[in-house]
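Which chain is which? They are A, B, C and D, in the order written, and residues in each are numbered from 1.
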Amino acid sequence: MNVRQMIATHPHVQGGTADRLLRCIEACYACAQTCTSCADACLAEDMVEQLRQCIRLNLDCADICAAAGSIATRRTGANVAVIRAVVEACAAACEACGQECQKHADMHEHCRLCAEACAACAQACRDALTDLR
Amino acid sequence: MNVRQMIATHPHVQGGTADRLLRCIEACYACAQTCTSCADACLAEDMVEQLRQCIRLNLDCADICAAAGSIATRRTGANVAVIRAVVEACAAACEACGQECQKHADMHEHCRLCAEACAACAQACRDALTDLR
Amino acid sequence: MNVRQMIATHPHVQGGTADRLLRCIEACYACAQTCTSCADACLAEDMVEQLRQCIRLNLDCADICAAAGSIATRRTGANVAVIRAVVEACAAACEACGQECQKHADMHEHCRLCAEACAACAQACRDALTDLR
Amino acid sequence: MNVRQMIATHPHVQGGTADRLLRCIEACYACAQTCTSCADACLAEDMVEQLRQCIRLNLDCADICAAAGSIATRRTGANVAVIRAVVEACAAACEACGQECQKHADMHEHCRLCAEACAACAQACRDALTDLR
């Protein structure tokens, strides 16, 4: 993924790209993929009945991460209130999903990896929010 | 769209579906399509330079409406904090997009229709939030 | 959903909107919502182990229906080869998902409704393809 | 992005993950982000009127890349005909978008980078298709 190079070439962005927002965008796309993958792996587990809530939160998290990644990518014009609300919602979804995945981390390696990705994305969102004013 | 019938057949939903959430889901899908269409119509207008912010807000709004529609559709398990945050972000995006589209409503019929769809979706989101506790 | 009115206001569309493409767009958005809802209802069923393939196909179908609905909505410029390929992929996904849902239609009303939505969307895609040359 | 590690932990995947499919998934997510970024940068350019087709193809390409990335990520059950059709549609969209971006590559660095990402993703899709039977 080439987030930094792409955004650096935007006509409104004059070198000074916000590092924390760039890392947030990367984390959102990565977490969307990881949550989609974890939902699918949970669905294939023998104990799928016990992973329903995990699958549901994974799917929600993937949806909002994808939306947040796209919206945070756009630099034309201004939309700070919306980006803030979307990135906050993304952080909330990552925290909920990460906590649920963590419960299954000892049993399922995909849940362990997904809990890590969710925690990293939640932190990247919180960090980006400090720049978004 | 068959939102009500589908959700009524969910094993956890015993008849008592929240009407306001159902209308919110319908509004989100409709607004996602309308904003995608308005962005594309704006892009084809002679005066596209003056519609850049409108296109950008349309694309953001379409992204979060799509995510909110999917997330609000899910009834398995519980995810109230996340749904609330996503629906709030969707309302914010609809309000920002609707206000911008309204500025071009006299000139472009697609912006007038889109401003209406955004206002309706923002209201549907606000209404649904009163039930989401 | 207001597909027809929106597309009729596009500067490149001079009244003569292709009815079959409009119905395809509506069917894609409706089927995306229905498949998202069916996946979630299947996930909540006691017999979730027997619905894994149904959930997986529902999620795939929702993803491609959403993409096809957006792409088919755009009328600026020309992209016929891409629209054709995407609408064909959407028809294939709807057929696969509809056939799987049909197997569970006697047992689960959400699968019966989803099989109907998938069949309708597959047909709407096939019909639209006859105009897309 | 952690595609390989995640998919390696899926209960149905026993070590032998198809390398070409993994690279296709990574390329799809990367290209979705790049095309979203290029559409937004084109929208901000002074010469936006001459970039309409580029923006339109970028948006289409981002939509199908996102769908293809999700669908190719899922390994539960079987859905080969659908994956093939979606990955083929993705390759077609990447080729169309890459060719258009290439025309503006001398003028706009974001288009040059996006043309590269599209060509890489189209190739990754074609490579993955050789394994998908």
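Here is the rule we go by: a contact is a pair of C-beta atoms (placed from the backbone, for glycine too) under 8 Å apart; a residue touches a chain by one contact, two chains touch by 3 or more.
No experiment lies behind these values; they were computed from the predicted model shown.
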Problem - Separation of chain C from chain A in steps, with touching chains one step apart - result: 1
Exercise for the section: Weigh A-D against C-D on C-beta contact pairs and write down the one with more. Expected result: A-D
Exercise for the section: Please flag the chain sitting at the greatest distance from chain A, going by CA centroids. Expected result: C
Practice task
Would you kindly tell me how far, in whole Å, the mean C-alpha position of chain D lies from that of chain C?
Solution key: 21
Problem - Chain centre separation in whole Å, for chain D relative to chain B (CA means) - result: 26
Problem - Touching two or more other chains - residue numbers and ranges from chain D - result: 40, 43-44, 52, 55-56, 59, 66, 70, 74, 76
Exercise for the section: With chains as vertices and touches as edges, which is it: line, ring, star, complete or other? Expected result: complete
Problem - In the complex with chain D, residue positions of chain C that touch it - result: 52-53, 55-57, 59-60, 63-64, 66-67, 70-71, 74, 76-79, 81-82, 85-86, 88-89, 92-93, 96
Fill in the blank from the handout: The chain D residues in contact with chain A across the complex are 1-3, 5-7, 9-12, 25, 29-30, 32-34, 36-38, 40-41, 43-46, 62, 66, 69-70, 73-76, 108-110, 113-114, 117
Problem - Interface residues, chain D side, partner chain B - complex - result: 39-40, 43-44, 48-49, 52, 55-56, 59
